[in-house]
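Listed below are the structures to be examined.
Each of the next two complexes has chain A plus one more chain, namely chain B in the first and chain C in the second.
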Partner chain A sequence: MDSTLSATTEGTPLLLPPGRSSSADAAMVDAGRSSAAGTALLPPYKLAALQRRPPDLHLSAFALLFAECIAYAQNRVLSVAELEYKLQQLGVDVGRRLLALVCLRERQVRRETRLLPVLRFITSTVWRYLFRKVADSLERVKDKNNEYMIVENDPLFTKYISVPSDLGDLNCNAFLAGMVMGMLCSSGFACVVQAHHVPRTDGAAYPPRTVLSIQFDPAVVQREVQMS
Partner chain B sequence: MAQDAGRGSGAPRRKVSTLPANFSGAALTRLGEQASQRAEQVNGELAALTYGALVRQLVVDYEDPGEVNVQLERLGYNIGLRLADDFLARSGAPPCRRFVETSEVIARVAFRMYLGVSARVASVAEDGSAYSVVFEENPLADFVEMPTALRDQLWFSNLLCGAIRGALEMVQYVVSVSFVRDVLRGDAYNEIRVALREQRYERAPPDEEL
Partner chain C sequence: MGIYALFVVNRSGGLIYHEKYVGAPTMSLNEALRMASTFHSVQQIAADVAPVAAAHESGMTAVEAAEFRLRAYQPRTGVQFVLLSTLEVNAEVLQSLLVRLHLLYADYALKNPFYEKDMPIRCKRFEMAVARLLEGYTGRDGVVARPVRA
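Coming up: the complex of A and B.
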């Protein structure tokens, strides 16, 4: 099945009809071909979708939608690990497409090619786009040069989600982990990202802290060493 | 509502599909905007991509677009059941005493509050038992290209229909809701038809001691 969701792909120039302001698409429009041709490759409602941001969704609506995603996945799996995997794959789907969209919206024309800058891109630019704040911290795991952690003190997705005890340590931020994984893999940094619960430093139980642990492929680390 | 049921098929004293004064379009629109401003918001594009990933997963799992429509409606139904309480708590909308009043509240307040979309009511049936909610913008379908195989069979935003059905069922209206027009199929606007099937009346549970 090929139900494609496409933000604009990097390779396709947008030919806008004359008179349209292209400030939002400056990164994508090929400056050499002006709008003299006058034909739009996309129908008007799609151009509109790219040029202005859609209205925001109410948190309740999104929380319920996310809860239904989890419930749907839960009905089709036999174990907690499988459920986390399904949520992660859903997130990878989103993350792959989100990368191009974030670059468009945040006017990020250059793709990061080094490890730390791409992680900083994720924790600041992408986080700001998604949650209007930066991630709480980005750390490297001691003694391991391919493992990093993004700490999120109050993750938005799981604000209204409580995990019953029979599901063990399921962390529904597996979806967020999948998104990060999708973005990193699409940027050329093969990795696996998982979400873990971490006890809070002040001893309170709520809101629960989540850590996204990123494990990069050895090839990525090797490339990084070679480039520096 | 008991009076409406007892009216029978004789000529009603007033046209059932007219609305009382506090359901004016402007008042309800203002209510919708205020409710959405008070709320915490989530990036609309993230929501669009999340919903799209969900639909894509359903299409992969079920393959038949008719079945996907049914599943989306069911998911929406579960959402609607919970959304009704949330809506009543947050919106401050006036209580609806007749079915036709729910039309304006859903279109002007609920759509604005939850989706950020300005919708309006159209094609209200003569006896007030059905209406259409019409909206041009659909934030859930922003980045969607429908493949030709699915285009005329899949209603992409069928979740909305389920949500309306679930929410109205929580206020004792059993309805059938379906898409009539969808921008993704090439129509000029989106149209959802809501038709009343049955009105339930709340009864106190039977006293078991007697």
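Coming up: the complex of A and C.
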């Protein structure tokens, strides 16, 4: 989260056109006219990063890329568990970067220090950013104070993916689980997140729902108790 | 009645997906495979011998018979979608269903990392999407027919 803060403060001078005083620029920013002159200095990727609502990505493009990621990983593993681990690790890297990006774009400058707010931030703000919807549910596992779960009825990532029976219980949302894990771990909540299939409640057999089960490190729970 | 059967044939004439509905003649998997490859060959020959230049690309796309109607659709990739129906089903409707089947194939088969190109389609989500698409055409008087499997 510190990186986000420094990114915004360091980023601001770049927005200012050379040879102008910062107060004049502040006035221009207020008037909303700075974009044409100021942003011309920014490379396009930085410009896109600063937009609050970035352009939508075509689902087909993502689905094909994700399918290739899975096929690539599948050729380099010997078991289903190994494949899930690889996808999860891929997600962790994405999650770490995504957290910084979402905070920057959503102007979220405060770092969440409590367990429930950080989970709510992920299941609402980040979920809306990724999928334009909030997570279907966020629950605490009964009788466990360090286990939570995020339920998705039909995750977007696996919209086109049917897992063949010889791969057993493989859930490609291990990637999404990795993303959540990356975000939580880099926010200071050490945890392990795994994706599981659960039967649907409406009786239909397919597609099964996905549960991301989050198991926090005991130290996180201990800290939580001390803070309350 | 409505739609009798659906065939998806790959570019080398192999049957990769088929579904039979109420009213379709009983057909074993081997017969279906033979039918598909025969149709594919006839299609290719028709494209080669066609006297009209426009037909060289599409080949045979329609068969009108006294009892049934056949429509085939072959996009540039060479995969072929064939629908058999009663005469009650409008030809334009069949054509639009074929295009939408192509769309489903592109989504649920080709974007599935576990599907191998040109191999039989065994994707649960594809099956479900096809069933949903053809739901209204596979029964009579509002009764939705279940696909009949060999």
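By our rule, the second predicted complex is superposed on the first by the 172 of 228 C-alpha atoms of A that agree within 3 Å, B and C clash if a C-alpha of one lies under 4 Å from a C-alpha of the other, contacts with A are read in each partner's own complex, and residues count from 1 in each chain.
Here, a residue touches a chain if its C-beta (ideal position, glycine included) is under 8 Å from a C-beta of that chain, and two chains touch if they have at least 3 such contacts.
These numbers come from a predicted model, not from an experiment.
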Task: Partner chain in contact with A:S60 - chain B first, chain C second, else both or neither - done: both
Open item on the list: Going by the contact rule set out at the top, does A:L167 touch chain B (first), chain C (second), both, or neither?
Closed with: second
TODO: Mind working out whether A:E68 is in touch with chain B, chain C, both or neither, as first, second, both or neither?
DONE: both
Open item on the list: With both structures fitted on chain A, tell me whether chain B or chain C touches more of chain A's residues.
Closed with: B
Open item on the list: Is A:M181 touching anything from chain B or chain C once the two structures are fitted on A? First, second, both or neither.
Closed with: neither
- [ ] Scan A:L87 for contacts with chain B and chain C and give back first, second, both or neither.
- [x] neither
- [ ] Could you tell me if A:Y206 is touching chain B, chain C, both of them or neither one (first, second, both, neither)?
- [x] second
TODO: Residue by residue on chain A, keep only those touching chain B in one complex and chain C in the other, then list them.
DONE: 60, 64, 66-68, 71
Task: Interface residues, chain A side, partner chain B - complex - done: 1-7, 45, 49, 53-62, 64-69, 71-72, 76, 90-91, 93-94, 97-98, 101, 105, 129-130, 156
Task: chain A partner contacts - residues on chain B that touch it in the complex - done: 36, 39-61, 63, 75, 78-79, 82-83, 86, 90, 113-117, 137, 139, 142-147, 149-150, 154, 159, 183
Open item on the list: With touch defined as at the start, can you tell me which chain A residues reach chain C in the complex?
Closed with: 60, 63-64, 66-68, 70-71, 74, 160-164, 167, 172, 206-207
Task: Residue numbers on chain C that touch chain A, as the complex places them - done: 107-108, 111-114, 122-126, 128
